[in-house]
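Two complexes follow with chain A in common, the first pairing it with chain B and the second with chain C.
So, the complex of A and B:
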């Protein structure tokens, strides 16, 4: 892969959250216990490419999204977005850089100020980053974007408030606000999870269209493999803070290698009553991130686990075709 | 009407009176649930599926107005006095809610939840009996009986949902209403819970009313399906025919817009437009605005239910 054309390059990203302990325990123990939410993951995304980040709750996928754009401070790692070293930026410089990377959250109602008209909400980033010279010019830009995200008639929508919109429309507003600064990199954190099926596809289509138009590097975080399939060129699967598999979408769906990916795929219900599958299910439940198994983190639930899994280091191995998997035993 | 039905819903109408107007949540819904059958009620938010499910146990809020019949053992639940409905709940008809954290009492042990449930029906029940019943129910739902003394916070989301199901089946009800039982869970845990339901279907003599927005779950568990849109039953059919040959345009579009994991199907479909306002419904068909086959007649007249070989569909196309 040619590194120079990647818009986003993340290396060895780590985020450890310290656990609260009583002062007595603190005196006894030397090392503070931590939750390793993200434990050394690397990825890169080119322009006009969407990378899916799929995993169950607690796998650390949201933490990856937020620490990549420094909404939370990573413990370690290097992040380059559009040739800029994000980890070194501070204060005003970081704020200025933020126009290049934006995020869309799951709940649009929580992302929008209920007392601000949606037109003003979308205009706000322009004011912060000093784009456009007058109110009139900025409003013009907002109206144009409203047309693009299908909030029509745009001049009517400009003065509406979030509560007057449907869930799908609100998410369009949030997307418009994220795209208006013309970013290079976009994180979507479960942006379609709350929407109904008939509306979900509308929003997915819009994201695809904008990705193409703005040549965005897109990090698409979701628990829903099926949605990721439509958006992403490549998909990475996370389990307990580690990426266990990463491959092109087609490759991943046709030849999933890691046992966890196989299980995840088998668990998705198929809307066809004639299909009866033989499902492999994991043993037990996801272990607590404060007390992680040694070696492969999935071994306690893996149906194929053996002795060697206890002391291996979950490194991604290239299995050919740019298909990386953390399980050396299944090829 | 056949004797084999454990539940019959006839011309059910539900309205909510609110300050800003009357919300017509359910209109003229009729369907039945046979013994040992799983009926899926599927639809998007605001279609009235949960309202219908809650009405079966008479659990609607005080601003709800109901008309029609919900017949259980020859009697209409909707007109039964509250005291008698209480005897039904849990013992004859039970419900499993979507969110297991808010449905379990955080300061009560699992055992106490069973105790409370059983005391409601048998005030002087012995503790041994409670433990016996609870152990059996937990076992069936895949929870070890060792966890009877645990509090809800000591369980994971999936385990809590299993406890909820165990509470639902403890008194061997004839009907269990499951309202989005897997919605807040991860796919892998969801599959484990579906396995519990599959097991219940095989081993217990009860009817399940499965309320969900997920067409995949319906396909895997249900025998018959009711498709609801904006408070109306649009289609009512057995699961194989519904998925093979959906009749109502809404069902057709809905099935198309579900993301699936077949890699060769990369086309994204959606239904244009949005749900009509339930306070201010259109005169004709409620799906008129979004329907690709809409005719002049659909705008003016609301379609009745048409029967098409043992199936039911609310659409003028089948007149």
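So, the complex of A and C:
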């Protein structure tokens, strides 16, 4: 992979959340207990490329999304967006750099200020980053964008408040607000998870269209493999804070290598009841992140687990064809 | 357009019992405001000059009788509303002006600062309001501003607590995180995203506090810590009147007392109705 053309390069990103303990415990223990929500993950995204990040609840997907754009402070790692070292930025510089990377949240009901008209909400990033010279010019930009995200008639929508909009319309507003500063990198944190199926496909289409138009590097976080397949060129699979497999979408769907990916694939419903397949089922529940298994984190649930799994490193191994998997035993 | 909107809202309000409460409260307040504003035109006599024989029963010339010095009680009740309103207004504005920004900033910053300030505010809050006001009033002395300030101190923690607890929940809302994501500065986030969302509950606290402040003020004057006589003041009149209650001179106590009850009731009902009306969750349903 050619690193120079990647818009986003994340290396060894870690986010440990400290656990709350009483001060007596804190005195006795030398090391403070932490939850390793994200434990050393690396990825890169080129412009006009969407990287999917899939995994079940509690795997740390959202934490990756938020710490990549420093909405929460990563414990460790390096993040480069548009040739800018995001980890080194402080205060005012970080604030100014934010126009280059944006996020779309999961819940469109909660991500808009109920007391601000949606026109003002979308215009606010322009004011913050001093884009456009006058109110009139900024309003023009907002109206144009409203048309683009299909909030028509745009001048009527401008003065509406979030409570007067449907979920799908609100998510379009959130997308408009994220895209208006012309960012290079966009994180979509389960942006379609809370929408109805019919609206979901429209919003997915819109995101795909904007990705092409703005040449966005897109980090698409989801638990829905079908949506990821629709949007993404490449998909990474996450389990308990680690990426277990990265491959191009086609490669991943045709030859999933890691046992966990195989299980996820088995969970996608096939719209044909006559097709039977051998489902591999995971054993038990996802382990508590405070008490992680040694070695391979998936071994407690893996149907192929062996003795060696107990003390191996979960390093991504190149299986050829840019297909990386963390399981050395299945090729 | 606007009148249509108001009309629709009033119709909605009368529809349920809280609406009627709001309207009755509003009606009472309007009467008292008119009393305060037009006091010189409404009162038949000067409130600070003897206008008849002492201790006259209520009669045509003196609707609420006269007190032991021959002052007209009706005129004093009307002029007393001015004192009640001005002290309550100053006290509430001062308390809000200190309590709201402190709660906003401390709640948003959080951490150690939050624990320390909250502990201080809570310790003030645990004092019985009137006793704290007495202590401060005794230190500051008489006079409109001093009384207002001593009442204000009592109510600062009320604002602080309401605002702070709201800010703590609102700052973890997604739209506040969204504002940070688009690169908004903290003061901007506070003024444009947090403040508008806490303001509705503040307005309710404000009108409830005015009622409380009027009672505290009456209490202070009753105990002789209020305004210097002969300035008309309901609390002071009440305390003077109770000396004559054993002689069956009931009008000295009943009329100022009724005025206090009605104005406090007016504010309480008004704020209760307002609470119902401004609650954003109810707005969502409509």
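Just so it is clear, the second predicted complex is superposed on the first by the 331 of 331 C-alpha atoms of A that agree within 3 Å, B and C clash if a C-alpha of one lies under 4 Å from a C-alpha of the other, contacts with A are read in each partner's own complex, and residues count from 1 in each chain.
Please note the rule applied: a contact is a pair of C-beta atoms (placed from the backbone, for glycine too) under 8 Å apart; a residue touches a chain by one contact, two chains touch by 3 or more.
Treat the numbers as computed from the prediction; the structure is a model and nothing was measured.
Clash or fit: how do chain B and chain C relate after the overlay on chain A?
Superposition check on chain A shows chain B and chain C fit without a clash.
Does the superposition put A:263 against chain B (first), chain C (second), both, or neither?
In the superposition, A:263 touches chain B alone.
For A:56 in the superposed arrangement: first (chain B), second (chain C), both or neither?
The first partner, chain B, only.
Could you look at A:163 and tell me whether it touches chain B, chain C, both or neither (first, second, both, neither)?
second
After superposition on the shared chain, which partner residues are touched by A:285: those of chain B (first), chain C (second), both, or neither?
Only chain B is touched by A:285; chain C is not.
Tell me which partner A:254 touches in the superposition: chain B (first), chain C (second), both or neither.
First partner only, chain B.
Name the chain, either chain B or chain C, that contacts more residues of chain A.
Larger number of chain A residues touched: B.
By the touch definition at the top of the document, which applies to A:198: first (chain B), second (chain C), both, or neither?
Only chain B is touched by A:198; chain C is not.
Looking at chain B versus chain C in the superposed three-chain picture, what is their shortest Cα distance in Å?
Distance of closest C-alpha approach: 6 Å.
Do chain B and chain C touch any of the same residues on chain A, and if so, which?
Touching chain B in the first complex and chain C in the second, no residue of chain A appears in both lists.
In their shared complex, at which residues does chain A touch chain B?
Touching chain B: residues 56-57, 166, 168-169, 196-202, 204-205, 208, 223-227, 229-230, 249-250, 253-254, 263-275, 279, 281-282, 285-286 of chain A.
What residues on chain A touch chain C, complex-wise?
69, 71, 95-99, 102-103, 105, 107, 110-116, 124-125, 128-129, 163, 174, 177-178, 181
If you look only at chain B, which of its residues touch chain A in the complex?
44-45, 156, 158-159, 186-192, 194-195, 213-220, 222, 239-240, 243-244, 253-255, 257-261, 263, 266, 268-272, 274-275
Across the complex, what residues on chain C touch chain A?
Residues of chain C touching chain A: 173-175, 177-185, 188, 192-193, 196-197, 280, 283-284.
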